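Each of the next two complexes has chain A plus one more chain, namely chain B in the first and chain C in the second.
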Partner chain A sequence: MTELSSNTSASLASNVGEKRGYWSRVGRDGRKLGKWFVAPTVALLIFIVIFPLLMQLYLSFTWWTPLDGVPWYQAYESFNWGENYLILAYDPAFWAALWRTAMIMLVAVPAQFFLGLGLAYLFIDKFPGRKVFYSIVLTPMMVVPAVVGLMFFLLFQGTGPVNDSLGLPASFSWLTDPNRALISVIIADTWQWTPLMFLILLAGMLGVPSDQLLAARLLGGSNWQNFYKIILPRMKSVIAIAIVLRLVECFKIFDLIFIMTSGGPGVATETISLFLYKKTFADLDWAYVGAVGLAVLIVLSLIAAFGLSRVAKNKG
Partner chain B sequence: MSSIQINNVTKRFGEFTAVSDLSIDIEDGEFVALLGPSGCGKTTTMNMIAGLEEATEGEILFNGQDLSHTPIQQRNIGFVFQNYAIFTHMTVYKNLSYGLEVNNVPKDQITSRVAAMAKRMNLTHCLDAPAASLSVNEMQKLAIGRSAIAEPRIFLLDEPLSNLDAGFRAYMRSELKVLQREFGQTMIYVTHDQIEAMSLADKIAIIDQGKLMQYGSPLEVYNNPCNRFVANFVGSPKINLLDGQIKGANGSTKLITQGGAEVALQGKISSDFAKLKSSKGGSIGIRPQDIYFGEKRASDDIQLHGYVEELERVGPKRLVHLQVHRTQIVAEDERDALSIGDEVEFFLTADKCMAFDLDSGDRLTGGAA
Partner chain C sequence: MTDKTSQQEPTRRAFLQTSTAAVAATGLGGLGNFIATPVFADGLAAGMTGGPTGFEGAERFQYNGEMSEGRAIEGIKALQAAGNAPQKIRILLPEGTIDQLKQPFRDGATAPIDVWTRETGVEIEMVGAPVADIFKKVIQDVTTTGGSFDIYTGPWNSTGDLVASGGAYDVSEFVEKYQPDWGDPERGLPTQELVKLLYTYNDKFYPIALDGDFLTWYYLKGIYDKPEVQDAFASEVGRELVAPNTWKEHDEIAKFFTGKDFGNGTMYGNGILMSRFWGLPSFYMRLASMDTPNHHFFTEDGEPNLNTDLAIQCAEEHVRSLEWSPPDALSFTFVEGWSSLWNLQVPSICTYTAIAKFGDGNKADGSKKSNASGLMATHNPIGRKHGDHINRRSILHYSISGWVSSTSQNAEAAYLFLQWLSSTRTFSLIMASPTGYLDPMQQANFDEPLVASNYQQYAMETIPYTVARSVPGINFGGQTALDNALDEEIQAALTGQKTAKQAMDAAQGKWEQIIRRQKRKGIVEAIQASRKTWPTIVDPI
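Up next, the complex of A and B:
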């Protein structure tokens, strides 16, 4: 359809071009001209996306580290036929970090989704003070993650307000207990990112035509039936986008954990990002980091592709 | 099925009064049109009947029962929206079955009732199609079918025909009438199109600026408008209204138009104007088909002189736009003998002339002629 119309308009433009002068010639040459317009952006993209990616791929097939004293482009001297990937496959620290990351994703994202959905539903109808509450609900999202980390670091101290208000003794530790540290991180992440879910889901919910909701009510549908059968199905795309966005963000979670626990106690909260951080700056094992990074990229791409393919399907 | 009584209903939005002191009695099975210009409060009235808005004052009774504290879901009111509000993410079947499903009707009943309604509405061929793929005309039918399938106590239609193309609109108009007879349902129909209202409704409620102007059968409203607004709103081609100052007393009354034309009034119309109190003047209303050319037919008929400004063909008839001292009068030309620029004598049939007070708009009737 679009191809057809663009063909038609192109042929129209060329027809006109034979009769008229300058502007129609610009139209006809538009394609060539356009290429020059996007060229700087493409060059920039190659420089900041494609090139580092290829460089990483290249390094990941070697034993190269910055301590070798060999420039990176001579890393081929220690080419190892992909042994880094073999090491990766059998690296328990990597798999443990991946598992912890998955735990955060699988607990935090659904929690954020349901909380956000519930909040959004409360905000469909107008009520006094709606604008004020709206701003309050959105505030956590605006705070810098590192600051959120510090806030929750303080809140979860043994003598901190959380233990105080729950009546727990100072010896009941959150951040220094291997089991509870991950829970603390999930709570902090949920606190910060539920507002984003709320914001996206509210936009989706407000996009459901109000007269359809009215019609459903007049037909006798209860609020729950109408929510389940009218609102939710119409929000499929928005929900997919929100969840994919949060899953990917969760996968990359770093600053919050870095401040709260630095991955500890031990490695109890060491996610993929922290694992990579340690490997990069503590072990200087850059070739291996390249391999891990690419593996992570593939996982993330699969998540995004799966989620967003559903969006594309819904559109049609 | 249900009768509806609207008793002294007022609706205010803040300072703005959308509907004021409206009272209408609708009998069971009646087809009533709420007619008025945009923003007159007719949709607000409909929303109040449906329960989408709450009346500020007054009450609305269904079979004598006040439903204002019944949730919308339990009122069982059929409502067809102006843009149909079809559930576009569902199939046609699901749209039709929605009202039954949410009311826990047994599965096998749903299937048979949906099939029957689809057949009635000519939608059988597209039952499994996504509702979004339907044409506007089919959506209209689906919207009506979806509301009708739950057998609502009353049926409300909010300008249901305004989005249709002209041909289908005429078809749908007669279809609606047939459907109403079949369902035997009380129907309330909101429209700003007086032709729709005239052709469909058993009774018309004409509303202007939130107030009920007149409530009656189409013929009653047409032949006997109770004020200048109703006279002007109902009828196509429009009624002619000759505004001017009324001079003189019984017997030799005159209406002097702004353009300076003097119209001598006799008989009934003259005595009608005897009731005129306002200083702003009066107004004579006469429908185009009640104007004739040639020989004077009755002694009281009003004689005017003007020239033909424009001729307009409307089907087999021809409308003549006559200019009388800068006042335009439209007449039906039965003889088809006039041409532009002609100077003609023409007559207003006296017993069809209506007298209005120009200030209040009220109809003036003088009793004994």
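Up next, the complex of A and C:
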């Protein structure tokens, strides 16, 4: 019996060992196989992400333009040791475009945040027609930005509905006045993207446990205290994500401005994207665009990294 | 360059004798590929071997092997016989021009492209692109060596950029071989300078003109002639109100009309475009007339000429004229500019000649095309008095041209198609179309009644007069960068962000920088070649 059992144990152990060895082999081979399975995707990712970046980096160290009459891979013939980055550092047009972009971000995103937050708070509780209003509030977000651009282009004409309804003369120009043109763009962007802020923030608010809110109410907490002490702290991550998302999108704003003002009057509404567009297709200065593009990528990465670190910190 | 033999003008009687056959030919057009020669040839006037049929006056557009179009057709047939002709030629075109080539100008007529296909069997595939984006697509195709097209089209101003990029084929050998009639003094452009301007770059043939965007002055003569307008002008300005000859007179008239209502709502006196891109030629033509015979944009050495006293004075005048413009003038494209005139909001505009095609006269149902129908007229380009003469100046700006792609496997066939399309008979047929924005520029176009019915008889003398006095816009490598740099500064001055002097100084600096960078690509030589195409005509006061 003992012998039997020891044999059985040995046999079992041996079986288990074999099985472990088998699964270990399978695991090892499987991991190898898995690597082969994902290899095409990784290769594709490298091709569509890394390759263009390297190409951009390469071009940014040259004077190459399509007017050179040589293909881009021969750009090394006009290698310039990073002079584009030096030009970029002292290019007033670039810094002015960056400043205008920052202005739009700093005004439009907070406006969208507070409006979105207010709207989201209104939509926490059920009320008659909530679904209909919900759809109405979300509508601007669904409109193609180019169409929004056209709508606001027409609205802000001297003889357009905005001046008519405000009783302003036709000579009160929105889109051809350098300051008012930027304001018009911010208004249009806020109109379109407040709903996205609203949607994200509403999702965050609805995620706050209702029992906590109920308990706070029972303990005599006011609406403001509930909002400030319970809802807002629990939404920090959502808020950070919403703001980062909008900041990054706002940094890239293009179609709206392109339709409304084309960056004008003069360069009064020329943002980084329009600056890049002009340098790419009007000036055909593609090497310089490579340098600006990389600088922009770094700025956006820093914004995103900062926002996401805040999210991680809150979770931690 | 010109027809080698005198043109054989068919008589109306000869045409009538063959009209029955022409009708039959039109009806059987769909069978053209099977029984091509016998059917459509019956619709041709005596001595003609090709061209449109099926409408009264078709003989004026027909040709034979002695003519430019005929040589192109025979060239294709020779290529076919040698097995070197393609089945299809692919062309990138602005969307708004496709119907002008593809649709018959009236029922029963033959569409230009159908004539080509019928006679050669070579299919033309037209790929449309928005006019504002077309050159971006061209450059994309060139830089990716896509080779998607045999023929590119786009703004004439982009010729230098395309040549520099290596995207355009030098067609000089084909021009020599097939002798187009572009420079025929009777039917084509009146001077060799104009041929050089529209068809060459750095003394080689690259662009093939398919458009005549020589900005021409249109004004509301019907309003000028109103007694109450005449009286008001006389009492305010102290002279008779007539079409202006000089910028000074233009500005006086602009000031007079601004804020007044002559029964059509408040008017603004300055109708010329002032906005970014569209307003730039307005500035250029004013600048060109600042000196006699011209104020060039560059010196003979290729140095920018933007911060001279005269250029600064010009910028100041240009900026001042904004106060007489409609409130949103800084955001107007040419469409809003046209609408302003059609809605009697401005008294005049200097623009593309299709403004009359789309806005004057009556529609097919007899209704007016616009409020300006019947009130419009043209006047000569305006300039500046210098001693006992005026240097009237306009500008060639945009103007769609065709280029044979350097990557085309069918360069000769592509050229032959372009020669056929741009020769004076076919091009006149294209101009007969009520659609599209390819505009006339050849003498044969202006002599053609069907073109006159579109573009209005009153413009038929003014346009060639304007053509002869037009300076070229910038068309050498770096053109877009140069235009943008100046444009930005002018807009900054117009919006009060800079004074005219600051703007012109800044533009001068930017241009110098661009020229420095482009020097190794032969920009100075291109500037010198361009200067040679400037007109020197001045007119007595």
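By definition in this document, the second predicted complex is superposed on the first by the 287 of 316 C-alpha atoms of A that agree within 3 Å, B and C clash if a C-alpha of one lies under 4 Å from a C-alpha of the other, contacts with A are read in each partner's own complex, and residues count from 1 in each chain.
One rule holds for everything that comes next: a residue touches a chain if its C-beta (ideal position, glycine included) is under 8 Å from a C-beta of that chain, and two chains touch if they have at least 3 such contacts.
Since the model is a prediction, treat every value here as computed from it, not as a measurement.
> Do chain B and chain C fit side by side on chain A in the superposed arrangement, or is it a clash?
Fit.
> Check whether chain B or chain C contacts more residues of chain A in the superposed model.
C
> Would you sort A:Val296 into first (chain B), second (chain C), both or neither based on which partner it touches?
A:Val296 sits against neither chain B nor chain C.
> With both complexes superposed on chain A, which partner does A:Ala282 reach: first (chain B), second (chain C), both or neither?
In the superposed model, A:Ala282 contacts chain C only, not chain B.
> Check the residue A:Val109 against both partner chains and state whether it touches chain B (first), chain C (second), both, or neither.
It touches nothing on chain B or chain C.
> For A:Thr176, using the defined touch cut-off, is the partner it touches chain B, chain C, both, or neither? Pick first, second, both or neither.
second
> Would you check which partner chain A:Val244 touches, where first means chain B only, second means chain C only, and both and neither mean what they say?
A:Val244 sits against neither chain B nor chain C.
> Given the touch rule stated above, what does A:Leu219 touch, chain B (first), chain C (second), both, or neither?
Touch status of A:Leu219: first partner only.
> On the A-aligned overlay, A:Leu196 touches which partner chain: chain B = first, chain C = second, or both, or neither?
Once the two structures are laid over each other on A, A:Leu196 reaches no partner at all.
> Could you look at A:Gly264 and tell me whether it touches chain B, chain C, both or neither (first, second, both, neither)?
After superposition on chain A, A:Gly264 lies in contact with chain C alone.
> After lining up the shared chain so the two structures overlap, which partner does A:Gln157 touch, if you call chain B first and chain C second: first, second, both or neither?
After superposition on chain A, A:Gln157 lies in contact with chain C alone.
> I want to verify one number: the closest Cα approach of chain B to chain C after the superposition, in Å.
For chain B and chain C in the superposition, the minimum C-alpha gap reads 52 Å.
> Show me the residue ranges of chain A that touch chain B in the complex, using the header's touch definition.
Per the stated touch rule, the residues are 209, 211-212, 214-222, 225, 229-230, 233-234.
> Residue numbers of chain C touching chain A in their complex, please.
136, 139, 142-143, 145, 161, 164-166, 275-277, 326-331, 477-478, 480-481, 483-484, 488, 491-492, 494-497, 517, 521
> Applying the document's contact rule, which stretches of chain A touch chain C when the two form their complex?
Touch residues, chain A against chain C: 63, 66-72, 153, 157-159, 170-173, 175-178, 261-268, 278, 281-285.
> Contact residues on chain B for chain A in the complex?
50, 52, 72-79, 81, 83, 85-90, 98-99, 102-103, 146-147, 150
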